[in-house]
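Here come two complexes built around subunit A, the first alongside subunit B, the second alongside subunit C.
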Partner chain A sequence: MGRFIARRLVQAIPTLFGVLLLTFLLSRLSPSDPVKLMLYGNTEVTQEDRAQLYHALGLDKPLPVQFAEWLWQLAHLDFGNSIYYHRPALDLILERVPNSLQLSLLAFVFIVGVGIPLGVIAALRRGRIEDHGIRVFSVVGHAVPEFWLGLIFVLTFAVQNRWFPIGSMNVVGTDCTLCWDRAWHLVGPVLVLSIAGIANLPRILRTEVLEVISQDYVRTARSKGLSEQAVVAVHVLRNALIPVVTSFGTILLLFFSGQLIIERVFNWPGLGRLTFEAAVSKDYPVVQGAIIIASTLLILSYIIRDIAYAWVDPRIKVK
Partner chain B sequence: MLVATACAGGEPPTSGASPTASAATTDKPVAGGRVVAGATGDPKTMQPIISTDTQSSFVWQWLYLGLTRTNYKTGETESSLAEKFEQSKDGLTLTYTLRDNLQWSDGTPFTGEDWRYTVHSVARSAKTVRKSTFQDIVGWADYRDGKTNSISGITVGSNGKTIEIKFAKVFCPATAAMGGAGGGILPSAAFKKVYDPYTTDTKQNIDDNPLNMNPPASMGPFVFKEFKPGIQVTLGRNDKYFRGAPLLDEFVIKVYADATAIKNALVTGEVTYGTVEAKDYEEVKKVDSLKDFRYKTSTYNYIGWNAKAAKAPWLANKQVRQALWYGINVDAIMQKIVFGLGTQVYAHTPPPSWAYDEAGLNKYKNDVAKAKSLLEQAGAKMGSDGIYRWTDGSTMKMRIETNQGNNARETILQFAQEQYKQIGIQIDPLLESFNALLDRTDPGTDFEGFIIGWSLGADPDPYSIWHSSQQGKGQFNNIGYNSPTVDQALLENRNGPDCSQTARKAALKKVDQALNDEAPYTFLYSADGLFFANKQLQSVDPSTYSSTWNIEKWWFKK
Partner chain C sequence: MAATDATVQQLRVPVAETRRVSAGLWSDAVWRLRHDPTTLVAMAVLVVFVTLALGADFLATSFFHRAFSQQDILSSYEKPSLAEPWQWLGTDELGRSQAVRLLYGARVSLFVGGFGALTALVIGLTAGVTAGYFRGWWDDVVVWLVTTLNSIPRLYLLLIVGILWRLEPFPFAMFLGLLGWLGICNYARGQTISLREREYVLAARTVGCTPLRLMVRHIVPNILPLIIVLGMIEIGQLILTESAISFIGFGIQPPTPSWGNMLTNAAQYLSKAPHLIFPPGLAVVVTVLCLYLVGDGLRDALDPRLRGAIGTRR
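The block that comes next holds the complex of A and B.
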């Protein structure tokens, strides 16, 4: 197992380098630059000031030099200073990570906690009204864009009915993490962020459960006199979960992309919103740093997923 | 957009803060309460020298003041920390005299040295965009380049009560520009501990130090209390504020994703006051807990025409540009976009400015026949497809571009496309990101028409926008406008020698008349400022140049 993990980590290096190169090139070659954006509308800036600003930010150097310097900084775990905030990009990113994790972890729990039972119910009640209902929900939930759902939630439940706040983490003057106020603020973003995942899981799980349920060992288990709950929990579900575990890697990816939008819609001060704002204003060090961290986490999640296979199904040997 | 919201009035769901005073009377000001304002992002810094964004200035403006300020209604310069200011007859010396007994919030006396320290820090900053303000001070360049350890043209006298500035040449906007020290004046005693500018070492500067995000003292109505990234900045009352301690306990600047989120917060009562876009005006007006205010603004939208466009050589022709102005129905555009809540503009100087004078300006009332006639006088000939051909035989087809997501500009583009077709000019519309628009309309780039707007300062000095020298990369005369008459008038307005308001107004009149006649832009309209505040919040009196000029007097009625 140790060698397997080491090999996977080494294999991740070229992937990560590709991500670094692409991130750098995409941010630099897209239109405009931070100095232009910063100075737009400031009619009193002289050409000398403009040149000095490019120089102070290191943006007057050739792109290969900028890339090499950035790699050198990264090798020392230095993500560079944010162009706008005049602070280390890593500090900005790290102070937002806990906020994003709150959303991600809760949404993940919600997806697993609701999605798996729905998938099992759909399979066990195949062809009945529950099955049809869950399938309709799956298709609709998968098709509706998250940002739209978020906007509708805010308009309906926050602006019109005032049942929930329009966003942020706490009411002004309140500052707590484990309290009703925070829970009240989490409902909207967690619900919207997990809808697509909840809709996705039953689709995968239903098919798998139906396949497993017709296997000989399930019939054997039933014939042994085991209760239906025990058969489903021990023999059916464990074998049906393998493709579900596979999908968890994708869910992590969806979280990151989803949070770019959801955190904006719900005004949640997380990494997604920071990345979105940094991308719009071309704050290179922050965008690059956020994408590197997200990519690293994603690659790690794939490695963890592969390890989880072996746990879920001992027949799968790690080679 | 910056919207402020006050939470105190008790409109649910607010922060829970409410007026703390127990006064039962309803019309006598009572102390207490919290105002919540909305901003569309975190402050990037709380130090004015390196600040370039509105989110940052929305925070430091409450802490670091200038010697003078802009009158909230007239736009004229009035006293602030300085009780008086005077310019010598030759315009080359400016003297400020400070008020008595000024104190920072930490008890340190405020003196002319604070102003002097701030200006020296600007000179050595590598990230500031404010140097040009001071470039005409005697000794500025020598100090900036490290040849001297201080600026010889600045003298602080009378135990720090007077500041005398000598200029190498006359700079008419100097009184206001110098007074602000390029933003706000820093507390030199605290900042000197992290950076001392009185040296010839140009490698040191004020750009990166911990006080930039942790303001140590304030001269404004509030003091810095706390910053929570992505969430809010909290300010507390400054009991030493020279206009009197504010009645409010706290001022919170809450961060929202965009203007729509702030509008929603205003409607739900999370935010206490703020401006809204015209499209939301009627909706917000229906909210019982809010009262509304309306005023003219120093902004305008326009279609700019590149006189150097290679693919549309006709844009160099004055009659064609005039035809383009006659060919568009600005009134209809205004009705559609701002529902009539605005003012049509005919030249550069915006309606609320003391220099505004529309007498004698052509109003370019929409007239398709006149537009066509002008095109034909310019040499264009109608083609069989209903589109004119230019003198070189090319079809009069050109691109107009603007940034996607700006509803007003997108609507103007739709109008332009439809209405210019009626006068025989075909438009190829292009919507792109704001970043792409900036790149594509940089001076020297080949573009044709573009839709954008100006948000102008209180002092009417449009030199950077219209002077023929301002056509380098990143500069603002991107349409290649070149008029010796306007160049001369712009210099008169900026460098005198007569800096009186009468003389400057006359110079700007020449600029406006030329721009109105030559039509380098199709000037469109200036949208009104639409401001809402919680009904319980009293003494609010917003106007063109400031909505919070008297914030120390704001209070919550129970």
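The block that comes next holds the complex of A and C.
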């Protein structure tokens, strides 16, 4: 297992390098000249001053050198300073990450908690009303934009009926991470963030359960007198869940994109909202840092998924 | 006698329904599609939407008598009413007709989805088939690109693009396509790797077929049906992405209406004019739903063995 994890970590290096390269290139491809922006409206600047400024900022060096210097800075955890807050970008980002993680982890637990029973029910009641109902929900759930669902939630449960708060994490003036107030604020964003996953998971699980349930060992388990619950829980589900773990990758990718929108709709002060606000105020270092951190988190979650996969299916390590 | 009649009846019914034994892939698919009402209805809805979007100019001038940017401050925040056609879906904060804007929004959203998916399809197919066929360093590069792009949340990437450039619908659709080819590429690559070991490919190579001809004539036609299905699903995905990124203000810029940026407006006046959030959102849901249904239906029609093998969302 240790070797597997080590190999998986090494495999992540080129991916991370690609993310950094792409982020760097995007900023250099930008048509706006940083020096022009800095000197905007200043008429007394000579050509020499400009050249000096280019030199001071390191913009006159060849691109590969600039990239290497930038990587060196990142390696020292220097993501630059926020133009808007005048604080290190990394500090700003790391302050927000726990809020986003709280949201995502809860939504993930919710997806697994609701999605697995739904998938099993759909397979066991194949062709019945439950199966059709779950199928319709899956297809529609895929087609609904999350932010729109969020808006409708806010409109019906926060504006027209005052059942849930309209946004943010806590009632103004209070600050707690594990309390009823926070739970009350979490309901909307977690529900909306889970929809895509809850639509996705049962569909995949249903196919897998149907595949496994016709296997010989399931028949053996039944014929030796095990109860139906024991057969499903021990013999069917354990094997059907293996491919489902792979599909968590999709859910994770959806999460990180979904966050950006959901945090905007529900005014949740997480990584997504920080990035959005930084983008509005053209705070480039923060946006760049947020993309790098979000991608790193995503790569890490892929690794965790693969480890989970190897753990539920020991055959994978042999390959 | 009666028994014979019954037998004749039984024999006759299936005969009328049987299709040609030697039907090709496409005519076979058309036959199956004709017997799939869900897919047919979804297709019809899409055709209506596309027609309405294409006829937006004509409808705006001769039926609604309103341009999409025409303001009427005196009748702002109006609820939907049947008084005049342009008031059917109400008006926004500047008194602009929501119905007319929805039509023009359809134009932008459908174009962005369609053109973006086409770009994604071309890139994904080219990269996937060549990577799977040649393997070696090129395959490594393609796989590395796919994993890298899959590791950056799409909306974050679009956000950074949105800061750097103000995009018109055309380059915007292109950008979406540049980010959306990963799934198609993965599928094309996997299929090519298994197809290139087949006897008929070996036979073609033996008689001196060039790699280009081999890929175009022998491999692509075999994977094209499902690539088209993935393309349909991609259109839906891109329409969703467009609406999301426009909603947060970094996609299609006003005054050009898109379903996404109409919802931005609606969100701002949520308590004052709640009716504004329903039409654009429902338009997205219905369009994307129909695209998925047509995609599913096409997949079943083109290859019934694969029923349920490819999800609607990757």
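Throughout what follows, the second predicted complex is superposed on the first by the 271 of 319 C-alpha atoms of A that agree within 3 Å, B and C clash if a C-alpha of one lies under 4 Å from a C-alpha of the other, contacts with A are read in each partner's own complex, and residues count from 1 in each chain.
The working rule: contacts are C-beta pairs under 8 Å (C-beta built on N, C-alpha and C of every residue); 3 or more make two chains touch, one makes a residue touch a chain.
Values in this document were obtained by computation on a predicted structure and should not be read as measured data.
Engineer: Considering only touches as defined above, state whether A:A107 meets subunit B (first), subunit C (second), both or neither.
Structural biologist: Neither partner.
Engineer: Per the contact definition in the header, classify A:A122: touching subunit B only (first), subunit C only (second), both, or neither.
Structural biologist: Neither partner.
Engineer: Quick check for you: in the superposed arrangement, does A:A56 touch first (subunit B), second (subunit C), both or neither?
Structural biologist: first
Engineer: Determine, under the contact definition given at the top, whether A:R264 touches first (subunit B), second (subunit C), both, or neither.
Structural biologist: Touch partners of A:R264: subunit B and subunit C.
Engineer: Output check: A:L92 vs subunit B and subunit C. Expected answer is one of first, second, both, neither. What do you get?
Structural biologist: first
Engineer: A:V236 contacts which: subunit B (first), subunit C (second), both, neither?
Structural biologist: The answer is neither, since A:V236 touches no partner chain.
Engineer: Examine A:T275 and indicate which partner it touches, taking first as subunit B and second as subunit C; both and neither are also allowed.
Structural biologist: Second partner only, subunit C.
Engineer: Under the stated touch criterion, which partner chain does A:V212 make contact with: subunit B (first), subunit C (second), both, or neither?
Structural biologist: Neither subunit B nor subunit C is touched by A:V212.
Engineer: Between subunit B (first) and subunit C (second), which, if any, makes contact with A:V154: first, second, both or neither?
Structural biologist: Touch status of A:V154: both partners.
Engineer: Of the residues on subunit A, which ones does subunit B touch that subunit C also touches?
Structural biologist: Common interface on subunit A, subunit B vs subunit C: 30-32, 154, 159, 264-265, 282.
Engineer: Using the touch rule from the top, collect the residues of subunit A that touch subunit C in their complex.
Structural biologist: Residues of subunit A touching subunit C: 14-16, 18-19, 22-23, 26-27, 29-32, 139-140, 142-148, 151-152, 154-155, 159-160, 196, 199-200, 203-204, 207, 247, 250, 253, 256-257, 259-261, 264-265, 275-276, 279-280, 282, 284, 287-288, 290-291, 294-295, 298-299, 302.
Engineer: Name, in rising order, each residue of subunit B that touches subunit A in their complex.
Structural biologist: For this pair, the touching residues of subunit B are 7, 12-17, 34, 36, 41-42, 44-45, 50, 52-53, 126-133, 135, 207-208, 212-213, 228-232, 252, 254-258, 261, 264-265, 267-268, 270, 432-436, 438-440, 442, 454-455, 462-465, 472-476.
Engineer: Which stretch or stretches of subunit C touch subunit A in the complex?
Structural biologist: Listed in rising order, the residues are 144-145, 147-157, 159-165, 236, 240, 243-244, 247-250, 263, 266-267, 270-271, 274, 277, 281, 284-285, 288-289, 292-293, 296, 308, 311-314.
Engineer: Within their complex, state which residues of subunit A touch subunit B.
Structural biologist: 30-32, 35-50, 52-53, 55-57, 81, 84-87, 92, 95-96, 99, 154, 158-159, 162, 165-175, 264-265, 267, 269-270, 273-274, 277, 282
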